[in-house]
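What follows is a short report on a single structure.
Letters A, B and C name the chains as they come in the text, with residue numbers starting at 1 for each one.
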Amino acid sequence: MPLHADRPGPPTPVPLLRMAGISKSFGRQQVLREVCFDLRPGEVHVLAGENGAGKSTLMKILGGVHTDYEGHLELRGRPVRFRSPRDAAAHGVAVIHQELSLVRDLSVEDNIFLGREQSTLGWLRRGPQRRRAIDVLALLGVRLDVRRPVGSFSIATQQLIEIAKALALEADLLVMDEPTSALQGPEVERLFACIAGLKARGCGIVYITHRMEEVYRLADRITVLRDGNHIGTSPTAELPAPLLVRQMVGRDLSPAAAASAPTAAEVRLRLDGFTLRSAAGAARPVVQDVSLELRSGEILGLAGLEGSGNSALLWGLFGAHDGPAAGSVLLDGRPYRPTSPRKAIRHGLALVTNDRQRTGLVPALSVARNFTLASLPQLSPGGWVNQTAEYRVAAALAQALGLRAASLRQPVSTLSGGNQQKVVLGKWLNRNPRVLLLDEPTRGVDVGAKQEIYALMRQWSAAGAAILLITSELPELLLLSDRILVLHRGQVAARFDRGDATPERILHAAMGGQLT
Amino acid sequence: MPPTVSNRSTCLMTIVAAVALIAAALSVTHADQSANRPQAKPPASQPPPARSYTIGMSQCNLGEPWRVQMNAEIKKAAEAHPNLKVVFKDAQNDTLKQRAHVEEFVSAKVDLIIISPKEAAPLTEPVAKAVAAGIPVIVLDRRVLGDQFTCFIGADNKLIGREAGKWIVKKLGGKGKVVELKGLMTSTPGQDRHTGFREGIKGSQIEIIFEADMKWLEPDARKEMESALARFDHIDLVYAHNDPGAHGAWLAAKAAGREKKIMFVGIDALPHEGVMYVKKGVLDATFEYPSGGREAIETALKILAGEKVPKEITLGSRLFTRENVDQGGEPLGPPAADERKPEPGAEPPPKSE
Amino acid sequence: MTFSPESRPRFAPAELIRQPAFTALLALVLVFVLGLLFSGDGAFYKWGTHRDALRQASVYGILACGMTVVIISAGIDLSVGSVLALVAVCFSLFGIHWQWPAYAAIPLCLLIGAACGVVSGGLAARFGIQPFVVTLAMMVFARGLAKTVSGGMKVSTAIRTADGDYSYVEVPDIFRAIDSRLLDGNLSVVSLIFLVCVVLSWLCLARLRWGRYLYAIGGNEPAARLSGVPVAAMKMLAYGLCGLFAAVAGICQAAQEQQGDPEAGVGYELNAIAIVVIGGTSLMGGRGGIGLTLLGTLIIGYIEKILSINAVPEASRLMLTGAIIVAAVLVQRRKA
């Protein structure tokens, strides 16, 4: 139900930006559907939506990264179509990305002016450039030696430098994507002061954030996207938090009948004050003081948005996290220090990552070999691989998972996404893990395969495995989880039992809102 | 890329392997050092009778065994004269280092400099400066440009090639099928030994049935010889531009069972290589490419005694055959001094190896 | 779907043509045809020529076996030429100068080669230094060690005595044995050693679990690590094997020259890499195999032999060989 909230009021000036009817698909996946968005000079316009709603894609179109899309883009009243990020920058559009785009070994001043060095006939004018860099950083309240390499500063400072880079462009249209993800209190305040200054000068700012407090602190208007659709645009005053959340989630959910939650089963995994710090030494820990209990046969859902630390928690438990860990972990009642994946596997843990291409499968190897990759010691007594046993195991796994493939000897990269995910699951299944850590197990998987994977998960938990599940699809989370833990900025924000959880309450907690 | 923090056992294995390796190397080196490293201290038994002289010797590199031999000869010749002290410096094939060495000798005010330069042009000026500072300079084996030096002592590859050709003509009675295995043909010695040889066999009925560039390397010579053996059923003689090449060819012939029917001629005649091969009956003849170490010291003594020495001394070669090897070969004279015209700017020969 | 254990992959003819082994085999056949056409006065039709071509290529081939293992794990080893020289020098020292029996000299030499490899692999794995850099350093170090151990001179049957003279010894039996022929003079022992190395490395890569691990590491190291593969230990194993094969090559080289030359093997690592690449194994790691390397060795060996029996001048040889390498790699790039 789209809410058109443009009321008649004082005559609005010519919008800085107008995006109309924007549609984009990647292959067969439709990511944006006829989205409209506009930005006025001197306003902060928040773009809100769940993970995967299409916000980043929309901003990438604005920033010139995606050049094939349908729809219409108007900048200051004139139609434009950007050919490249450089083109967009030349038109006065500055994008501050979530992933830092700084070059670690170059100096701060070189990074700020990267690609737009002030030079006469190729000769760098260092003096004016350096002064400008210092000035721009001062706007953000940052004072440092601009000749030092960017990599020598903390992540928080690097994020401020990234912002300075955009400010130095003297653009009047800024896009900020989660600019405060690495920042703490005072730095955030300074950024907000800076934003106020930009507003006063007539710049327009698109602000993407998951944090409720920021939305209501900064936004003049809020646009909500959901599943690639434009749900509505309203002035902030007309969109209180619960309504915002409802728009973001919007579905009518019928929680499916689930198996009865086991109550008396033994505790497989217990965390007490589990903390993970980043290897780069950022001040704020990635996971902070998390305590939870996981019983055999139970599925515990971990909800959280970008930067909440839920993936890091799983990696940390598996011994694959780069930085130091603290706190107590008890596995089957015995203390357990996660130091390496090999150790984790020996103790009966299994991790299915959220990026099977990069960290889940070996693309060049065959399906059969991917199935057996984690189980080779058992299949190769004395080092000699028993090939018939290996193939038999792979065939059995393929059957159990309902794998659709022409042959088990073909490279796993030739399978569809859903089947690839089954191979990853099968690899771990073969080890009979006692604790399964699943990170987005149905990402990029078609509807049919999803149902099959749900069924498998229920089978495993019925057989006694304990499962920690991360999924950004709220319906899936509600469907599968016996209990839900919500993380926000590395800390536990809320705990729900099966009956209590609703999408709104989960999202509210994930965005840092206090529960009423 | 995070290091695997946990793998203590890996770390331990690495350290053990490294230590084992270094220990092995040190123990072997130790055992070998006494046998192989040339000492640089002259015997200091009695106080020098006459005035003692210091000679600075700048060698372009000690990677080529022939140059190690040159230094060894200089040392041996100097040892016979207790009033001579020779300081050796090795430039490790770096021209700039060699320049610095010459300048160091000049500052240290040595009495004489012997130099075997890496290249002619860059070393010309330091040598000229040394001469201008009153230090006589003997240039060995490779030339510098111009004439700002005291004496040049070198051998003549063309002469050696010619002598080899003449000897081969005599040995084969004027006709035969010969395989020529050439050294690196982009280097002057290779070219000289080739042209000299062709001059030497001119007018006879010697037929070069196969020639190949084996780049001074023994394994390459062996490969080329195998091809020649496969192609030709009848080969009379193999002329290789250096002894390792001739030896490689001999090994190929031996594997084919034809070594007794073919004669082998090489060049260099290092005592532990070419001369040994002749003694063992592998080579039929080898021609010495003299290093001139002994002559350098003799000339140095003359210069230091105030005598006049010729500007150019061309070293003669020696021929080693089975008949004369035990007597130390027979000398082949150089042409008279006025017959030889030095070619300015000719890149002097790097030693074959 | 059921997957019966006997189910074989179906290969359409188009599939077959895209297999790397097919292109390599095709290249070998083409080279062979070239040899038949330019037979050097009939030399190509004699068995001796082929036996010698195999002998010549064997040392490179042995190096290439070890190099294949390392390249499959997405690494590279530039030190094999220097390790060859080091072991050649050591083997000559042990065998000729010190008159050690073969059963003492050979294992120690193999150990020296393996140790060099393990050190390289350990540094690369433990400290995350790039294999290119680590093995480059080992290349320089091993060369220096070879020169130190040998005193800068070739270690040959002429032994320098204390008073600067030379005494001569006989070439040891083991040297002669390695440089001899079998089967009525039809196969060189060195070629046999090469074939044994091929079989051993094939067994390791295709039949042992450590080979599987290496393919996984080369194909996707983070995924392999997260699947419990002992990445650091496997890398040390791969480089250790490469060093071991370099030692075998060094022993063969010393036997064939009847001396240990500290300057031996210069540039051999590039030959080994060229063989692996021409065979079809990808430098990015994760695919390929020893069979391809065997084909690559034969291709390079025959090209060299054909150029040699036709007495092609050196400059032309270099250009032709360069052009052929580029052609071979281009042919393979058409496959995904």
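Just so it is clear, a contact is a pair of C-beta atoms (placed from the backbone, for glycine too) under 8 Å apart; a residue touches a chain by one contact, two chains touch by 3 or more.
Just so we're clear, the structure is a prediction, and the values are computed from it rather than from any experiment.
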Most central chain, judged by mean Cα position vs. mean of all protein Cα atoms, is C
Which of the chain pairs holds the record for C-beta pairs in contact? B-C
If you average the Cα atoms per chain, which one ends up farthest from chain B? A
Just how far, in Å, is the C-alpha centre of chain C from the one of chain A? 47
Taking the mean of the CA coordinates per chain, how far is chain B from chain C in Å? 32
Just curious, how far off is chain B from chain A if you go by their C-alpha centres, in Å? 70
Residue list for chain B, restricted to those that touch at least two other chains: 2, 4, 7
Okay, in this complex, where on chain C does chain B touch? 40-43, 46, 48-49, 52, 56, 90, 93, 108, 111-112, 115-116, 118-119, 122-123, 125-128, 145, 147-154, 156-160, 162, 164, 166, 168, 179, 181, 231-233, 236, 253, 256-258, 261, 263-264, 304-305, 308-309, 311, 313-314
Chain B to chain C touching residues, read off their complex: 1-4, 7, 9-11, 13-14, 17-18, 20-21, 24-25, 28-29, 32-37, 62-63, 65, 68, 72, 76, 185, 210-213, 215, 218-219, 222-224, 226-227, 229-232, 247-248, 251, 255-256, 271-273, 276, 279-280, 353
Contact set on chain C toward chain A in their complex: 1-5, 7, 9-10, 207-210, 212-213, 215-216, 219-220, 222-230, 286-287
Which of the residues in chain A come into contact with chain C in the complex? 318, 320, 341-342, 345, 351, 353, 358-365, 369, 373-374, 376-377, 379-380, 383-385, 387-388, 391-392, 394-395, 398-399, 402-410, 427
